[in-house]
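This structure is in C-alpha cells; I'll ask about it shortly.
In order of appearance the chains are A, B, C, D, E and F, and numbering begins at 1 in each one.
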C-alpha cells in the first residue's frame, strides 16, 4: 500500500526539534511531525502546589491547547467560550502523566515544572508530538534548574526518556504516525507513550468503527515501539546539539 | 497472594444489575461491582443534534458524574464550582465512545439516546461499572423505542454487547477488577472495554509508577478479556429477567 | 373527592426512610414520599468556614440537586450548563435554614455538617422529602461525631426535630403532600417546615393562579401541621431501628 | 415599645413613589421605604420567549440586583464574580411571581415585560419595596403599550394590584416593615405579598432563631395585611398623579 | 451649525453634581451631563490587595456598569450572562487609571478606595461623566478617611484634580461633549482626561469612519482642554458646598 | 541618550514579516518587532454574523491572546481561568477597529474575516506588532478571497494600509517603539495607529506617572507618524515578495 504522502506503513513523518525557541522559558522547543507543529515550553518555579508542600517532592504538570486557526477550519477559542473542552482536558492530562512517568519527585525537590504545549499547526498526532517535544523542553529546563542550584540533590530528576507516537489501522493496514487524512479514515486509532528502553507509559487504543482483535492490537504495538525508538533517537540528537 | 477482600487475582467482585430502577427513564439500571454502585439511565428523544440532522442517523452520548459524598471524603459539586473537571470529561467521553461502538446509527434512525451514569457510591472501577450498566439500560431503552415505533427499521440498532473492567498490577501481581484500595496501590492500571465476542473497543493502560513491559500488558489483557466475558454473562442474565 | 392515587385529602403518601444507605457518609438516608426518592447524606468535617473560625460555633449547610433523569423528561445537568439555576439555589437554601433551626451551634463546636440531598426520582414534594430525610441523616451524623469525640460538650447539638410537607389547593380542596400531577394543577402551593412540637420553621405559600384568602391559608396550615406530626413519627421510628 | 426610628409597631416607614424616573423605560419608578431606595423599570418588547410562541399569551419576568455599595460594606458585583448568588435568584423569582399574579396573559397578548429592580440604597425590605415599586412601573408600561396599540384586546391585562411588606418579631413584639437593624435582630422574619383586596399572593415566613407558633404567625399576617392596604393606597395616589 | 439640542460646538451640556447621594458610601455623587446620569460611590477599606501588602502604599480601582434599561433598548445584565463584556472592562480600566493619576499612593497609606460608577441613564459620554463624578466622590471619601485617622500622614493623597469629556467630529465640525445621537454620527470620537492644570492623563481618539488628520486632532484637543476646564470649575463648586 | 539596545530615540527595532506561516489559514504572518513575535492568521468564511445578514456588507474582527510563557514569568491561561481579562478584551477590540478602518464593507460583501493574533514571545509593543502583522495577513486573505471569487465586486475591499507603533517618554526623552524594559519605565505611553497616508486611526495615550503636556504629546505623535511610515514600507516590501 502506498500512503497519501508516499511513506511506508512503518515510517515516521520528518521530525524536527528546534530547541531554545523562546528567550523567556527555561526550556522551549518547536517540534514538527510533518506539518504538525507544536510549541512546547517548560516553566520552572520554586515551590509546589499547596497539597504537596512540605513533602520535599516536586511536581510536573502540562497544559495543551490549539491555536484557533491551527486546523483547517477555525475553531472557537476556549477562553472566549469560557470553558475548556473535554478533548483538551484529556490531552493535557495525558501529557502530564507521560512526563511525570520519568520524574523522580524527590530528586526534583519542591520545584514545579509546567509544560505548555500549544499547537501552531495541526495535521494529526498533535498529542504525540506534544509529549515528544515536551520531554526535550523538560530536559533543558532541568539542566537550567541544576545550573541555578534550584535542584540541590546529586540525583538526576529525569529517570529516563519518553516519547509518543500514534498508530492506526487504515483500510486494514496498520500504519505508524497518522497524518490528519489517515486519522480520519482509521478504523482503529492508538496513542502509545514509551520510555527509551521500550516499555509502556500509556497505551490508549480506540475502535473508531469495528472493534479490534488481539492480533491487530499486537501489530499496532509493534509499530509503535519501533516508532518511539526512532523518536528517542531524534530527541537524543536534538539534546546533543549545543543550545 | 490473598487479596484484601479474599478474592483470587482473576475474580470479579459480586456483580448485581437491577433493571427498572426509575419510573421515568426509558431504560434504567442500578449496577454494583462490590461496593461501587452506579445508577445508569437511558433517555430516548426523537431528533438528533443539529450537526446530524437530515442524515437519517441517530446519536448516543453519555454523561458521568459522582455524587459529592460517593467517595470517602466529600468532593465539591461540579455545578457549584461552575465547571466540569478533566476526569469527568474523560470518563463521559469514554462511556459514550464505548456504547457507540455497538450502535448501528442507520438502524437507530434520527433518535438520540443520552446515558446518564451517576455514581452513588465509589469503591474503584466506577467507569467500568458505568459502561457495563449503561449497556443494559441502553438495551432496555431501545426495546422501548421499538415498542413505541420510534425505530421503524427492521434492523436491530444494537450490533453487539459491550462491557468493561479494570485490571492492574499490584505488588507485581496482575489483578482483575480493582477495588479502591488496590487501585491506589497499583503500579499499572488499565481499563478495558470488550464486545461480547472478545474484541476490544477501548484499551487504556497507564503506568502509575514504573513503565510496564509488553508481557505485563499481555497478562493484563488476558485477565480483562476473561473478566468481560463474565460481565457479558451477567448482562445477558439481567436482560433475560422479566422487567 | 377521590385523589388521583386514592388517598384522602389529609393523607400522606407511603413514607419510607432507609438509614445507612452509604458506606462512606457519617449519616445517610434514602427517603421516599411515594414515588419521590431522595438520597440524603450528612458529611461531618472538623473545622468551620473562614468567617466562623474562632467563634467556638459550628455550621450546617445543604446542597440540593436533581439527577438529570429524575424527572419525566431529561433536564440538563447544572454542571454542564456551568451554573446553578434559581430553583436549585432556593431549595438548597431552604434545606439549610430548616436544619439549622434545630442546631445549637455552641454544642456542635467548630465542626461543619454538609447535607447533600440528591433527587433520584421526582414525583412532587422533593424539597420536603429532602428536609425530612436530611434530618435523619443529620441525627446519625451527630451520633457518629459524638462517638468520635468530635463533639466534646455534654450538650446535645440537636435542639429538636424537623420535618416538612407540601400542601395545596386543587380544584378548591386543600390537599396534603401533593404528587406531581396534583402539584401542576394546584391553585395554591405551600411548603411548611415544622418542628416536632408543632411550631413553624418555614412557611412558604404561593398563589399559582388566584390569590388565596386567609381561611384557605388556615386550612392549609392545619393540614400541614398534622402531616408533619406524622412525618415526625416516621422519623422517630426510623431512628429507633438499629443501624 | 419604642422602635429605633420612633415608629409604632404597626407603622410603615415614609413611602415615596416617583414615577417617570427614566427617559428610556416604558415605565419607571424610584421607590423608597425609608432609607431603602429601589429603582424599578418596566421594559416592554413585542414577542415572547421561544417556549411561549404561538400561544397568544404574554410574559412578565423580573430581575433584582443590588448596587455594590447599596449596603453598609461594599459587596462584590455578581458580574465580576461571574455568577448570580442564591439570594439574588430567590428574590428575582419572587418579584416575577408576584407581578404575574395580577396579569391576564391573554389580555397582554404576545408581549413581554421585564421588570428590573436595582437597589440603590438598602436599609431592610428591599424585596418588598421592589415588588411595590415594580407594580407601579408595570402599570405605566401597560398604559404605554395600550397607547402604542401593542395591546389590542379590550381587556385590561392587569387583573388587580399588588404590594408587599416585611413583618417580623423583634424582642417578642410583632413589627411592620423592618429596617435593617430590626431585621438583623428579628427572631422571625416574614415577607407578605397581597393583592389590593387583601388576599395573599406569597407568604414567606422564616424562623431566624426560635420556631414560631401559630398565634405569632397570625399576628404577623394581621400586621402585613394592614401594611399592604396602606401601600396599596400609596400606589393608587402615585398613579393618580399626572406623569 | 446648530446642534440637535441647540448648543454651540464648544458648549457642555448642563452639568449637575449632587454629593452625599448614599448614606452608606464614604463618598457618593449623582452626576449628570444632560440626560446622562451616573451614580458614583467611593468605598474606603483599610488594607490593600495581596500583591501590594507591606509596601506602605494604597490602591485605587474602579468598576463601571450600565443598568440594563439605562439605554434605549434593554441590555442583558452581565451578571446573568456570567461574564463582563469588553466595553465594560475597557471603561472600568480607564476610570481606574484616570483617578490613580492624581493619587499619591504613599500619602494614601495601605488603604484601598473602590470607585463604583453605575450608569442610571445613558445619553452619550457615560465614561467621561463617570470619571468626572468619581473624582468628587473620591475627594469626599479621602476627607472622610482623614477625619477617621485612616490616613495618618500630613500629606494630601490627592495630587490634583481630574475630569474628562468627549469630543468628536460630526459632519466635519468638531463638537464638545457629544450626546448619544451625535456620538452615533461622529466620524471621529475622542475621550480626553485632563488634570486641572490642563495636562493630559488619557487621550483616546478613534476614527469611526475616515482616518483623521493632525489638524483635526488638534482642534479636538483644544475643545477638550477647554471643556475639562469648565468641568473642573463645576467640581470645585460642588466640593465647596457644605455636605 | 543611548537606549538599552543601542538604538536612537527615533529608531524602530528590527522588523521581520514572514508570510505564509500556516498551511491552513487564508492569510498568515509571523511578525517580529525585535524580540516581540506575534503569529497572525486571517480566516475567511462566507457569511456574516446574524445582526449583519442581508446588508450586503462584510465584517472583520480580531482576537488577541498571549501564550502563557510568552512573558518572563508564566501567566495563567484565560481558558483555564474561564474568563478573558480586561487587557485582552481591550487589545482585541483595538486590533479589530484598526483593521476595519481600512475595509470597505460593501466591497467585501457578506464575508467575514477573523484575525487571530497570538503572541509567541513578548518584549513590549505586542499590540502594535499585532496590528502591523494582521494587516499583511488580511491583505493576503483578501487576495485569496478574490482568487476564489468570494469577492465578486470589482472594488478593492482594502481602502488603504494600516500599521501601528508605540511611543513613550522615558527619563524625559520621547522614544519610538519601546521594548519591555523601556515600557516599564515610561512616564507616558502611547499607541498610535496610522494609515499609509499618515492620518490617524487610533491615538491612545496614557500618563503612567505625571500627566503629560501638549508639547510632549506633539513630540510623541511626530515620532509615531515617522515610525508608521517605516512600518508601512516594511509591509509593502513583505507583500511584494512572492508567497
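Please note the rule applied: a residue touches a chain if its C-beta (ideal position, glycine included) is under 8 Å from a C-beta of that chain, and two chains touch if they have at least 3 such contacts.
Here the structure is a predicted model, which is why all the values come from computation and not from measurement.
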Counterpart interface for C-D, drawn from A-B, D-E or B-C and sharing over half of its contact pairs = A-B
Would you identify the chain whose Cα-based centre sits farthest away from the centre of chain C?
-> F
In angstrom, rounded to a whole number, how far apart do the mean CA points of chain A and chain C lie?
-> 51
Measure off the straight-line distance from the CA centroid of chain A to the CA centroid of chain D, and report it in whole Å.
-> 59
Shared interface positions of chain E, touching two or more other chains | 82-84
Name the chains in ring order, counting from chain C in the direction that reaches chain D next.
-> C, D, E, F, A, B
Residues of chain B touching chain A in the complex = 83-87, 89-90, 92-93, 97, 101, 160, 190, 194-195, 197, 199-207, 210-214, 217, 221, 225
Partner chain B, residues of chain C touching it in the complex = 22-25, 28, 35, 39, 41, 43, 45, 63, 65, 67-72, 74, 77-80, 82-84, 88, 114, 116, 118, 120-123
